[in-house]
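By letter and in written order, the chains are A, B and C; residue numbering begins at 1 in each of them.
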């Protein structure tokens, strides 16, 4: 890049802040980031707010309100490179569960004055609103992957993000397959690696928070999982979770629900 | 003080089971890191063991395609458990290894190459199929024209205590592949567990030294007979079998057969089979570059022909479909491996069958392919 | 001729996994849009003194942090002190190479792989058929023939590119002609200035009379072109044992160890990239193999 340090802006949309926190949690590497980038806008980290345009914008969260839908367009205009950070930003996140139901009905039930609420009927990924240059999945994201993507941008190379399934990562760390060993439903075989296979290593099945792999066989996996269900509908719930609005997971859950009818 | 008495190479001695602790102790004092089967978090792993009681006495494994259960039955044998997902590969060919680090100093790259190191492992309880797998990986990593330094360092120091397999599991077919249940390869010691005693066959000078001074008796004809009968019984108890008489031709002459597509319908391309396979040796190298671009760490990791990126190169992917990846794997194991190294890449250990979430069974697929061709 | 393509067998096993040696970019020749030749000189004189290569072999070129790419050697084997790599900028590593400047340093491992059967070809006619970026791995063979012209019969170069602007080394064609190599060039799409032939490389087989039993065919290029070149050769009764093909796959280790570049029983990095066609025949038409 140029002689000056590239400027960085970090934005939050509808989300829990967890992905931003995983940037702040880096501790050792945070100084390197501050050394390599000029942090111009990052409310979670600093009060400094310098106006754009920015070289790199990192966006956390999904688009759930009319205001957000406008704001993301402005951010896109202000940013050379836009990175969607975390599964809210890449697939809508857990709040995209509203997309499968009637958000109005919930608003009526929960709030005394739902007419004061300004929300969209859906929670959608950033890429449904503006072009995104790079997507980093995870709930939360993996800090190694955040560093890798920033390093790749700074050094003008393709980031080294795995295209394979969680299973490969899981076996590399010596974890015994929970699906085969314990009969625990796990969608690791259809989920992109990058998390470090944390859930199986702690004795639970993967619930797909890093999103679907590009090359996967969801028909076969659903056949396996529906036979392992410990409670009815467990497979649907696995696919319709944090990455539930990601197209292939969404279609899989829809298909299962249709079959169940 | 122990006497200097030690058994001849090739002889078989019998020891009381509790004496095995002294054997482990001796390995440890000689600097070995002793690893063996061990129950941890209610599952079976290969882990450091200190004493005989760390072995999974009383457990059996129930293994079927796509299913593994560790079950406690309370029997009194230490070496009855048929291995789980892990194999000795993880010690000899670690899943992650740092190859070198580079640092830019005054515009030039300085290379720091860590000298490959590994503990002197003592592997306790290596099955015939597993010993065969180690020898198959030797062929891949210790060639006359290229030797893998990371593998070699661990391999040449390893002490191997093999075990004759008396109670094979449901997915075992070592008898078909000629690798078991009797240990056929070179081990330092080969153990056979009977109800009251361990028989130890001495395979090397190293094995002989470990036994030196321990209280042993030469094995009687009676116990040797019992061991032989047990092994004959085990051969008949294989849960699976594979006809290898027409391999590798069956595979290599039918690479275009529609059956591969049928397997591709079920295969998840998750890579589990390759990761649990004790002979799979594929690896990838990755760079981790610092933010300032002045330091990089080059690492080697296990890879798999089921990884969609495995055959990717600028301009396309050689095997974009799942069935083409499965065919690559199986045609290598049972076909081209034989051309490359003179043996099959499969020892009949059954791991790929047990640990396939989709329950794809290599023995069934070979038989089905054969049936469809007729 | 020998049953398999030709490889060196070293006296003792190598133990170098992926550690490169360093080489400096001495010069960069812009060959065509998105393709340049990088002229490398090893920084360690001992490495330079020991380095030799055979026509058809490749090096792994390493850019720290970016990774390695397998690149064939395109320069004169008689002068291995300056190693030429003609590189098309298509991947992560090669695009990073495109940003290198004279004086920059890259990592190199090699040379690796089998090579064109220069010795066995002596006394034969030689047909070199290649397309696009398939010419660079054959240029060392052309140089070798020029260095030893009297040892070979008739020599034809059949070369094609997408457009006249994509032709590599056009300024050398005349010199090759003078050395007794008949150069036939074709392009897929002509431009206003193009006087030559338009069409695909296999078509050039119709442009000359071939003494098939005494001919050796060397080919490299896009897979589809290789298929048709082999077909034209076989159709003219060139024995499969006299057709040599150079293949490309994602070579990673260069030592037949990491597994990536396998094609059937072959590790292309070690048993290839140059194969005698009869060795490839059983696997050549298997889709996605």
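In this text, a contact is a pair of C-beta atoms (placed from the backbone, for glycine too) under 8 Å apart; a residue touches a chain by one contact, two chains touch by 3 or more.
Predicted model, so just to flag it, every value in this text is computed and none were measured.
Chemist: Could you name the chain whose CA centroid falls nearest to the centroid of all protein CA atoms?
Modeler: Smallest centre-to-centre distance to the global C-alpha mean: chain B.
Chemist: Based on CA centres, what chain would you say lies at the far end from chain C?
Modeler: The most distant chain relative to chain C turns out to be A.
Chemist: When the centre of a chain is set as the mean of its C-alpha atoms, what distance in Å lies between chain A and chain C?
Modeler: Distance between chain centres, rounded to whole Å: 44 Å.
Chemist: Report, in whole Å, the distance between the mean C-alpha point of chain A and the mean C-alpha point of chain B.
Modeler: 37
Chemist: For chain B versus chain C, what separation do you get between their C-alpha means, in angstrom?
Modeler: 40
Chemist: Name the residues of chain C that each touch 2 or more other chains.
Modeler: As it turns out, chain C has residues touching two or more other chains at 65-66, 92.
Chemist: Which positions in chain B are in touch with at least two other chains?
Modeler: Those would be 286-287, 289, 293, 303, 320.
Chemist: In chain A, which residues are in touch with two or more of the other chains?
Modeler: 155, 157
Chemist: Across the complex, what residues on chain B touch chain C?
Modeler: Per the stated touch rule, the residues are 99-100, 102, 104, 107-109, 111, 113, 140-150, 152, 252, 255-256, 281-287, 289, 293, 296, 298, 300, 303, 305, 310-315, 318-321, 324, 327-328, 331-332, 335-336, 339-340.
Chemist: Considering only the defined contacts, which chain B positions touch chain A in the complex?
Modeler: 41, 43-45, 66-70, 84-86, 90, 95-96, 264-272, 275-276, 286-293, 301-304, 306-309, 320, 322, 354-359
Chemist: In the complex, go through chain A and note every residue touching chain C.
Modeler: Where chain A meets chain C, its residues are 155-158.
Chemist: Contact residues on chain C for chain A in the complex?
Modeler: Checking each residue of chain C against chain A gives 65-66, 92, 96, 99.
Chemist: Taking the complex as given, what residues does chain A use to touch chain B?
Modeler: Spelled out, the residues of chain A in touch with chain B are 29, 32-33, 35-36, 147-148, 150-152, 154-155, 157, 160, 162-165, 167-168, 171-174, 176-177, 179-183, 186, 188-190, 203, 213-217, 219-221, 224.
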